[in-house]
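Next come two complexes built around chain A: one with chain B, the other with chain C.
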Partner chain A sequence: MSRRVLLLLPSALILVLLLAIPYLNIVLISMRPSTPDMAYGSGFTLENYRAVLSSVRTWREIGTTLWIGGATTACAFVLGFPVAWNLARSPGKSQALRQSIVLSPLLVGIVVRSYGWTILLGNNGVMNRLARGLGLTHSIVPLMYNRLGIIIALTHVFLPFMILPIQGGLQNLDPALERAGRSLGASRRTVFLRVILPLTMPGVQSGCIMVFIMSISAYVTPVLLGGMRVKTMPMTVVDRLIDSFRWPLGAAEALVLSGIGGLVLLVFVALTSRRWNRQ
Partner chain B sequence: MTQLVIEGLTKWFGGKAAVDAVSLSIDDGEFVSLLGPSGCGKSTTLQLIAGFEQADAGRILFDGEDVAPLPPERRDLGMVFQSYALFPHMTVAQNLAFGLEMRRVGKVEIRKRVDRALEMVRLSEMADRFPRALSGGQQQRVALGRALIIEPRILLLDEPLANLDAKLRDEMREFIVGLQRRVGITTIFVTHDQSEAMTMSDRVVVMFDGRVAQSGAPREIYERPAGMEVANFIGQANFLPATIVADEGRLMARTVLGVRELLPGTGLEPGGTVSVLIRPEALTLAGADDAGVVQATVDSISYSGNFTLYRVRLPRGEMVNIQAPGPGRQARGDAVGLRLALAPLWPIGIG
Partner chain C sequence: MISRRAVGLVSGLVYTFLLAPILVVIVASFNSGAFLTFPPQGVSLRWYGAFLHNEVFIRAFLTSVEVASLATAISGGVGTMAALYTARARPKVADGVRIAMMLPMLLPEVLTAIGLLFYFYALKIGTHFGLALIAGHILLTLPFVYLNVSSALSEFDWSLNLAARSLGASPMTAFFRITVPVIKTGLVGGCIFAFIVSFDAFSTSFLLKDIGTATLPLQLFDYLRLNFTPEAAAVSSATVFITVLIIAVADRLFGLKISRF
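Let's look at the complex of A and B:
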């Protein structure tokens, strides 16, 4: 036991040094007063939290951020589950190939991928010109500079993180379970809802948690696809820290977003665990 | 309860016929084993009956009705899998109730039938346990109960004993056969284990390379196998050349081990030569100098506790297997005498 704890030591050290201590610092900064000439002043105050929580604009942006996060997670789940199923049920060699195709987008940086989507989704972009060329529409269909564009791009960017844990869960399932369900009179749909989904729920939960967290904290993609016309919380936080140089307020905003995101996840896990994961 | 008829069933996998024009007719309440080595098409046949695979040719009829258009969930079959495939997130009672819920049986009725099923598989105390808290044999019984609770037309068993240890396997054999007799359900049992097939079935269907090699009662399969392949698969077999002679109107086979009557109904003529099947237990070892024995030398011995298998060499070089009860006194290289039992012989091939 004591030796196995040693295995955790290097990563624990890195986490403490590079994550816990800075986080603690952020918490401290969020309780400092703002000053005009320095990043933050001395003393303790809860004024920043009061300002954040009483601002209608903040709540609207948190709403937007959570909405985009939730929608992205839902889209990634709907698109990712079938892919995970296909991967889990393909034979060895072809599975390795398909897996690398699923992972290949990760080889391209997030900026490039998001920029790629602006080329596709822009008002004069590939999709719009194609739609007009095919006579499907005569006006411009707004595919970006709105939430839709951000959700499309985020879904693409984070899809692998949904697929991999679900695939892991499916791979551990006995393929005979599906047949057992069918032989007992359950349709494919019922087998999915009553057998497959509950048994892969841990994987679904990890996938959803990862995609949701990454979506609500995404910066580059919302900036490029939203064209600053959609404001999410990370953008506001960055504005505070860099443009208006008000670290305490930015820190408080960041922590409020983390807290609310965490609460949403807790509710999600509680609901999905009680409903499905009865093991 | 259902009569099952299979006509010319064929299934291709990658340019090879996994099931090749199989025809079978299984009576209401009959227990039939599909027996063969792995890859012989027995499991595929079962998957076709269950509806998990689609046949490329041929028909499957339940009481005269072609089931080809029915998906698995509408075929009304009970199936037990090699891995049992119990739903790990459901308790024993929930596993049993699943099929009834799918049939929209009322809650009260479900509880009653689950209780009865638990009793039937002797697991009443385990109702609220999860499958992983059960032993292999208990899981097996849940799987049986789950398949039977829906009162299916046919029970399909896909190598259900393969994952059990030897002692439990014997117990489960008896349990399954007892249950099947009581319920009286038409049952198809897929196995590669000839002793399971022999002890449990009304009829054994031996399959090789996707085809039915022989279909018959266990005794018929053992005593009158359709060919050397079947004879070898069902227990140990010796094949010895024999000349057919007539004696007072009866056909006799003359072999190096003596002259014996031939089993009737072979359609053979005197003067021909055939191979005859001699099972190892039809031979006994005696002293080398005893009267009326054939001389032989012990080549190898394998001791199995309740019997010993000897491989002995005849004077002209043929090797013969002999099964004798208990441990023997003979050792490798010993000269021994061989006696062939007086029972009639079965000709198994020409020459």
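Let's look at the complex of A and C:
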């Protein structure tokens, strides 16, 4: 080992001191007893986990959070795949423009984008007025302050994270493979399910994993689009930490959500790998 | 292969979907009326004027610029060093380093921020001096610099460096005259991305800000919970314009190549 290892030193310090130790510390704090006058007391207990796991409210909120995360991931995949295909397979003059449209949400803050959706989806918002103007409906269609609004906005916010890895996978895929499949008599559907999807599965998996993790831990978008009428876990956790100052309980809740989210992802990866990677 | 027309149609709808909320905010910002109405009641720059005279927003804007600049400067140096190491490391080591450097982006932002909040309180620093805030923003920005510099380095021919050395250049001279010009586009692209990510960050700033300070997204969020005037749209649009301007200028000067994955 040469002195070049020193190049890694600052990054290693940052990752250990500001990431690894704080994460271990969350685990420690989740096992501290709650005290009324301080953030947490001394000693260790599993009481917080018992309280979290035995609370019906927690389970309901975890359910809501996972439901929103799953629906967002599914929407992002359904909308993202054709776009990734379009970007990878239709190079043309507008390629650069289309690519920058896909990247544009990443360059605009999450508060601004969520705000844009509240203008579009509000009861008196653009979509509702448009629908009434066109005579499609006479009453107000509630598009936000419910799960639907949160899912629409989250899909928008995280769509680039689905499109980019799938696009990467598709660009490495030889179009001749599809032609070969077709010429051997396979239908378009079969070619998609048996050739394209299996070969782009790594991209699809990483896109889905990222979108799912980000949606179940999203905070701003659910607050602005849900208007506090839909409660997701990150809202509860943040309330605990900032408002009621009950750190051990908040830490336990955050870890339980992460653990369950991680389990869901493990099942997803296992299922998709077995289903699509079988030779 | 898959019906080209169907793909084109869906893609077109998705492109519209992606732009819609941003465009609607920009249109709303030029509204001359006192309330957010669509279509706007008239065109005016009134709300931009309100923004420029609103000290709270201006202070928050300056705080955001400060935090983003500091975090980007640190991540820029640290991330570039790590990328330089990875580029010449053995493949197995390089893979490990790459995953570790990507971790801050893969872990949920809220959880990382919670971790830092507890940690800085345990260190008895709390959120004072903005240290926790800067720490959070360094973690947010580090992967972007690392990724972009790494991808610029992947096309770099290290024998050029060797050639310079054999012609008598010191390691430092070889680095600044050969390596830096090659990785410049990656570094600039990475730093710009890092700056924008930090400037727009919410959860990290929300949990780690010092009492009494606020970054622009926090101030905007606070404002939006109670107010519905087009001023918020003007503030939002201003950040969008600044972002586009930074990218356009950098693209002119350096020829950007932003890569994210």
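Here is the rule we use: the second predicted complex is superposed on the first by the 259 of 279 C-alpha atoms of A that agree within 3 Å, B and C clash if a C-alpha of one lies under 4 Å from a C-alpha of the other, contacts with A are read in each partner's own complex, and residues count from 1 in each chain.
Keep this in mind: a contact is a pair of C-beta atoms (placed from the backbone, for glycine too) under 8 Å apart; a residue touches a chain by one contact, two chains touch by 3 or more.
Source: prediction; values computed, not measured.
Name the contact category of A:S187: first (chain B only), second (chain C only), both, or neither.
first
Figure out whether A:A270 sits in contact with chain B (first) or chain C (second), or with both, or with neither.
neither
Quick one: classify A:N25 as touching chain B (first), chain C (second), both or neither.
second
Which touches a greater number of chain A residues, chain B or chain C?
C
One more residue to check, A:P105. First (chain B), second (chain C), both or neither?
Touch partner of A:P105: chain C, not chain B.
So in the superposed three-chain picture, is A:A96 touching just chain B, just chain C, both, or none of them (first/second/both/neither)?
neither
Now for A:P234: first (chain B), second (chain C), both, or neither, which partner does it touch?
Once the two structures are laid over each other on A, A:P234 reaches chain C alone.
Quick check on the superposed pair: does A:Y219 touch chain B, chain C, both, or neither? Answer first, second, both or neither.
second
What is the contact status of A:R179 with respect to chain B (first) and chain C (second): first, second, both, or neither?
In the superposition, A:R179 touches chain B and chain C alike.
Do chain B and chain C land on any of the same chain A residues, and which?
Of chain A, residues 179, 182 contact chain B in one complex and chain C in the other.
List the residues on chain B that touch chain A in their complex, please.
It is residues 50-52, 71-79, 81-83, 85-90, 98-99, 102-103, 130, 146-147, 150, 156 of chain B that touch chain A.
In their complex, what parts of chain A are in touch with chain B?
Interface residues on chain A, with respect to chain B: 174, 176-177, 179-187, 190, 194-195, 198-199, 277-279.
Going by the contact rule at the top, pick out the chain A residues touching chain C in the complex.
4-5, 7-8, 10-11, 14-15, 18-19, 21-23, 25-26, 29, 39, 79-80, 82-83, 85-86, 89-90, 98, 101-113, 115-120, 125-126, 129, 153, 156, 159, 164-165, 168, 175, 178-179, 182, 188, 191-192, 196, 210, 213-214, 216-217, 219-220, 224, 234, 237-238, 241-242, 247, 250-251, 254, 258
Chain A touches which residues of chain C in the complex?
Residues of chain C touching chain A: 1-4, 6-8, 10-11, 14-15, 17-25, 28, 36, 38, 77-79, 81-82, 84-85, 88, 97, 100-101, 103-104, 106-112, 114-119, 121-122, 135, 138-139, 142, 146, 196-197, 199-200, 202-203, 206-207, 216-217, 220-221, 224, 232-233, 236, 239-240, 243-244, 247, 258, 260-261.
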